[in-house]
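Shared between the two complexes below is chain A, which pairs with chain B and chain C, respectively.
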Partner chain A sequence: MSSTKAASQRASRQRMAPWIFLAPAMIFFTIYVIAPIFQSMLYSFYAWDGIGVPEWIGVANYGELIEDERFYISLKNNLLWLILYMLAVPAGLFVALFLNQNIWGMRFYKSMFFFPFVISQVVVGLIFTWFYNPNYGIIGEIWQFFGATPPSILGDENLVTYGIIAAGLWPQIAYCMILYLTGLNNVSADQIEAGRLDGARGWRMLRYVILPQLWPATFLAVVVTVIGALRSFDMIAIMTQGGPWGSSNVLSYFMYETALSEYGFRMGYGSSIAVILFFIMLFFISYFLWVMYQDERRG
Partner chain B sequence: MFPTPIEKRSHNRQILYKVFVPIALLIWLLPLIAIFLTSIRSAADINTGNVFGWPNEFQMVQNYIDVFRNSQASIYFLNSIKITVPTVIISVALACLAGYALAIYRFRAALPLFFIFVAGNFVPFQILMVPVRDLSVKTGLYDTVTGLVLFHAAFQTGFCTLFMRNFIKALPFDLVESARIEGVDEFKIFWFVVLPLVRPAVAALSVLIFTFVWNDFFWATVLTQGEASKPITAGVRALNGQFVSQWHLVSAASLMAAVPPVAMFFLMQRHFIAGLTLGAVK
Partner chain C sequence: MENNKVKIIGLIIVVVVVGALLVKWLPSLTDPAGSDQAGNLVINFDDPNPAPKAGFEAAVEAFKAAHPNINVTVNINDREAHKTAIRNFLSANPPDITAWYPGNRMAPFVDAGQFEDISGLWSSDRNLSSNFEAIKPTMSRDGKQWGVPYSYYQWGIYYRADIFDEHGISEPETWDELLAACDTLKANGVTPFTIGTRFLWTAAGVFDYLNLRTNGYDVHNALTAGEIKYTDPRIRKTFENWQTMLDRCTFVENHATMSWQDAIAPFANGDAAMYVMGNFSVAAYKDAGLKEEQIDFFQFPEITPGLARAEEAPADAFFIPSGAKNKEEARLFLSFIARPEIQSDWNKTIGQLPPNSKASINNDDKFIVEGFETVSTASGLAQFYDRDAPAEMAKAGMEGFQEFMVNPGRLDAILTRLDGVQERVYK
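On to the complex of A and B.
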């Protein structure tokens, strides 16, 4: 009798235990991450300056957004970021393949190649702002070397977004490279040997033997690159603040600018931009989670 | 190049490769070399437009001292430490507990909860911005170091939990099972059996979170206003405005801002990379 009581006590303790372990993290996460998502959705239906009383205006913010030219410029630039930032994945693979050798000092070279990822994007943004300066920057020097007039990359509305993305690619390639280098470490030597016996060399070896084994690294590289592209904010804030004339804006900066900068404290309007950005991101997040779920069920 | 080891290639190829790798590295790091050279120039160099040529004078010590003397850089720097260290401790501690619960116990909500932590870690910051700023203003945490610590700790818990849960899941479950048969209390199992085993994961997470939080710029701009709580990333930006065209000082400050994460990376390289690539090699 008493032993069954003890057993049931232990069982109930085991049922309770996970919740006690989870509680602190759940409370923190709910307050600062989960609840704000829904609050932002709610705010997007209000006109609010952040101080006074919010006024319910229904979907008016979204109506305004649809007619706002800046929204389309930002959306277009977000798309550019998504597409061009993806270059970091093959570029990272290329660098990783290039460095995947055993020569003296290779460990040092590999970590130096990774360097750009470790420093803040604020610093990266500042460095490239100087580089792009047509009067002082290295771009100017190169153009002048060939006797041409240097372009003002950050001042030209047709070039500016490409200039910022190029700067952003620098640390992102380093990130993808390190993912691939780790992946290459685990490529099975047996399969390479088998591939070689089948006559696979060079490109065919890469395509049919190496790449399939690098799939987990590729998946992770794509995930972090998509998220990095959609989150891009620091570079734009440092390099151009969305300019010239909003031509380098993206949703994340547009939202910030609308809600918190000198353009006025339009928290409701800003929230509606954030909600759109959130749903774009959610599309990708759902896909990533779905892949993870498949993995969980298998393993 | 791959997968043929370079040793099996012709002698000339090997030499070519060994020469080309350092050259490639030099080109790759050109931006950093340039900013370093700028940071040790004299003001005269900058004014005469000698920005990329050989410096006329080396003023390394002078410039770095000037940054600290003529600006709030030391306060920014200290703020960054005050924000980053507690954040790392809190978020890793919370994630150890939560990760343990999600990995060891079999209950229905485990997987959905796990996915909420993962998903939360991916959301764009802008969807959290207005409510978090508003909450901070209302609770008096706006423009304070504590406000930033609490937010960062909460947000990073998502990633940390994902990490710890996967790590603990890969540990041999028998250890927990046999401790239970012995009648060991659940918390004691966590403390004495599991925690000693997760030390490498804790090290990996700590360096990663340190770097993420140290390099944060967005929340530093959203949740601070004055000098008293600004971390170094936001500070460098402010200095860029304050020292207009005194690039030798701005670059010195930028490099100072980069030192702690870089040092962290080189000291704990193995852990850092293990942290980033978790899941890539499973």
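On to the complex of A and C.
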């Protein structure tokens, strides 16, 4: 009798344990992540400068957003980021394959490729700003060497976004490379051996034996790259502040600019941008979660 | 034995901790501040650069000497950080005095009831009521006064005196003379103007002057108050003049990627000869290696003949948050910094102009002498496009100016867009 009681007590304690350990994280997550999401949604129906009395204006902020040229520029740039940032995944794979060899000095090469991931995005942004400078940057020097007039990459509305994405790709490739390097560590030697016996080499070996085993790494690389592209902010803040004349803006910086910067303080309008960005992210994230769930079920 | 050791160590720790706490707390317990009638004053200032900091601290020291029973606490923040922080500290933990800008920049705080109405001080204080006439309008909103300015500075055209001499150019007084000077400079391989528009406000300086000289002070105020459209023929005329300036007085290339400091490089190495700027830039020219005699200043030349001359002269000021705890002390401080002798010393240190008309200026500084002459004889003082116009309008406007300077062909699209922003911002 008493032993079964003790057993059921232990069982209930074991059921409780995960919740007790999760509780602090859940409380903070609710206060600092979940609640603000709903707060932002609420603010997006108000006109509010952050200090005065908020005024309820319904969906007027969204109505204004639909007509705001700057919103479409930001959206278009976000799309460009999303597409071009994906280059980081194959590029990271390529670098990882290259670095996954046993030759002398490989540790040195590895650390060189790893380097951009270690330094802060702010520093990357600054370095590229100098690099692109047509008057004293390397780009300018190269152009001048060939006797051409150097382009002002960060001052040209048609080039600026590509310039910033290129800068952002540098650390992102390093990130994907690390994911693939760890993935390559786990590639089973037996299967490679078996593939070799069946006469697979080079591209076919990569395509049919190695890549399938790298699926988890690829998935992770795509997820972090998509999220990285959507929340791109620091590079833009450092390199152009959305300029020239707003042409390199993306949603996250546009939101910051309207809500919190020196010339902004339209909390409601900024919130409506945040809500749109949130739903775009939600779309991708739910897709990824769904894929992950399917994988789990199969696996 | 072991047990004893532990006890002794424990005792030592307790003694040390209690001792440390006593040393930390005793002074405040025995502080006479609590017992007699002494007050406190907390000031948030916004410029940690050496000269502005020194000027501010000297004024605070003088105030302390005059009011030894007031305990002054000073917080000095970086300018950009101050701009972001002010909204938080005004509502959460207001100081007794805060630095901020007059004109439209103070409007959101005044309208939200965050700043204290100090009209009473302006009418009762001898200095404020009689020596601040010129600057009083910018400190006013709804017919009341909200702050006390401690400094302001002139804008105009800074130029390389040695390059002008070399090519036989004298200070232009009219638009045609300026254009002719540009022609001469270009013929000799010198870019007439330098500018860095990356942070936008520099372009607003050029626009303001063109507009003030083309249409005058009232149109500047009407435009920034949202009373006339950007597609108005008068504003178009301003842009026509700007177009002429772009054609004949070329600006340096790639200015959209340069800050105002970056733009000093071509000025310092002689590639460019003129710079539409505020007086704070003089120190930076000297840091870039230019000697005092290589730089000089002239007022932006007349465009429409006979138009009264107005100038850009942004002011820096102090305000009392409405949530301040020590408003009496704060009023004492504002009244103190309005005194001519305080304003004289302060502005000598920072190399700017005292708003108090009875204050003396630094006669050894030729820029200050010329600047004083410029602003004291002006028919009106503009604060600057981004302080006179509401923030959102200012941002859109300045982006438009930058875009126009690079792509003048888009003028119509830009002006139409600005009209749209104006309609929404001022409603």
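Please note the rule applied: the second predicted complex is superposed on the first by the 273 of 299 C-alpha atoms of A that agree within 3 Å, B and C clash if a C-alpha of one lies under 4 Å from a C-alpha of the other, contacts with A are read in each partner's own complex, and residues count from 1 in each chain.
Keep in mind that, in the parts below, a residue touches a chain if its C-beta (ideal position, glycine included) is under 8 Å from a C-beta of that chain, and two chains touch if they have at least 3 such contacts.
Just so you know, these numbers come straight off a predicted model, no measurement behind them.
Of the two partner chains placed around the shared chain by superposition, chain B and chain C are both touched by A:G50.
Between chain B and chain C, B contacts the larger number of chain A residues. Of the two partner chains placed around the shared chain by superposition, chain B and chain C are both touched by A:L260. Contact with chain C, but none with chain B, is seen for A:G246 once the two complexes are overlaid on the shared chain. Look at A:I227: by the touch rule set out above, it reaches chain B but stays clear of chain C. With both structures placed on the common chain, the touch criterion links A:E69 to chain C but leaves chain B unconnected. Contacts of A:G155 after superposition on the shared chain: chain C is touched, whereas chain B is not. Within the superposed three-chain model, A:Q121 lies in touch with chain B and out of touch with chain C [touch as defined at top]. In the three-chain superposition model, chain A touches both chain B and chain C at residues 50, 135, 260.
Remark: chain A residues 10, 13-15, 17-19, 21-22, 24-26, 28-29, 31-37, 39-40, 43, 50, 97-103, 106, 109, 111-116, 118-124, 126-128, 130-131, 135-138, 141, 170, 175, 178-179, 182-187, 192, 205-206, 210, 216-217, 219-221, 227, 230-231, 233-234, 237-238, 251-252, 255-256, 259-260, 267, 270-271, 273-275, 277-278, 281, 284-285, 288-289, 292-293, 295-296, 299 touch chain B in the complex.
If you check the complex, the residues on chain C that touch chain A are 80, 83-84, 87, 90-91, 108-109, 111-112, 114, 198-200, 253-257, 265, 386, 391-392, 394-395, 399-400, 402-403, 406, 417, 424.
Partner chain A is touched in their complex by these residues of chain B: 1-3, 5-7, 17-18, 21-22, 24-25, 28-32, 34-35, 38, 49, 51-52, 94-95, 97-98, 100-102, 104-105, 107, 110-111, 113, 115-120, 122-135, 150-151, 153-155, 157-158, 161, 183, 186-187, 190, 211, 214-215, 217-218, 221-222, 233-234, 236-237, 240, 247, 250-251, 254-255, 257-258, 261-262, 265-266, 269, 273, 276-277, 279-282. Residues of chain A touching chain C in their complex: 49-53, 64, 69, 132-135, 152, 154-155, 240-241, 243-246, 257, 260, 262-266.
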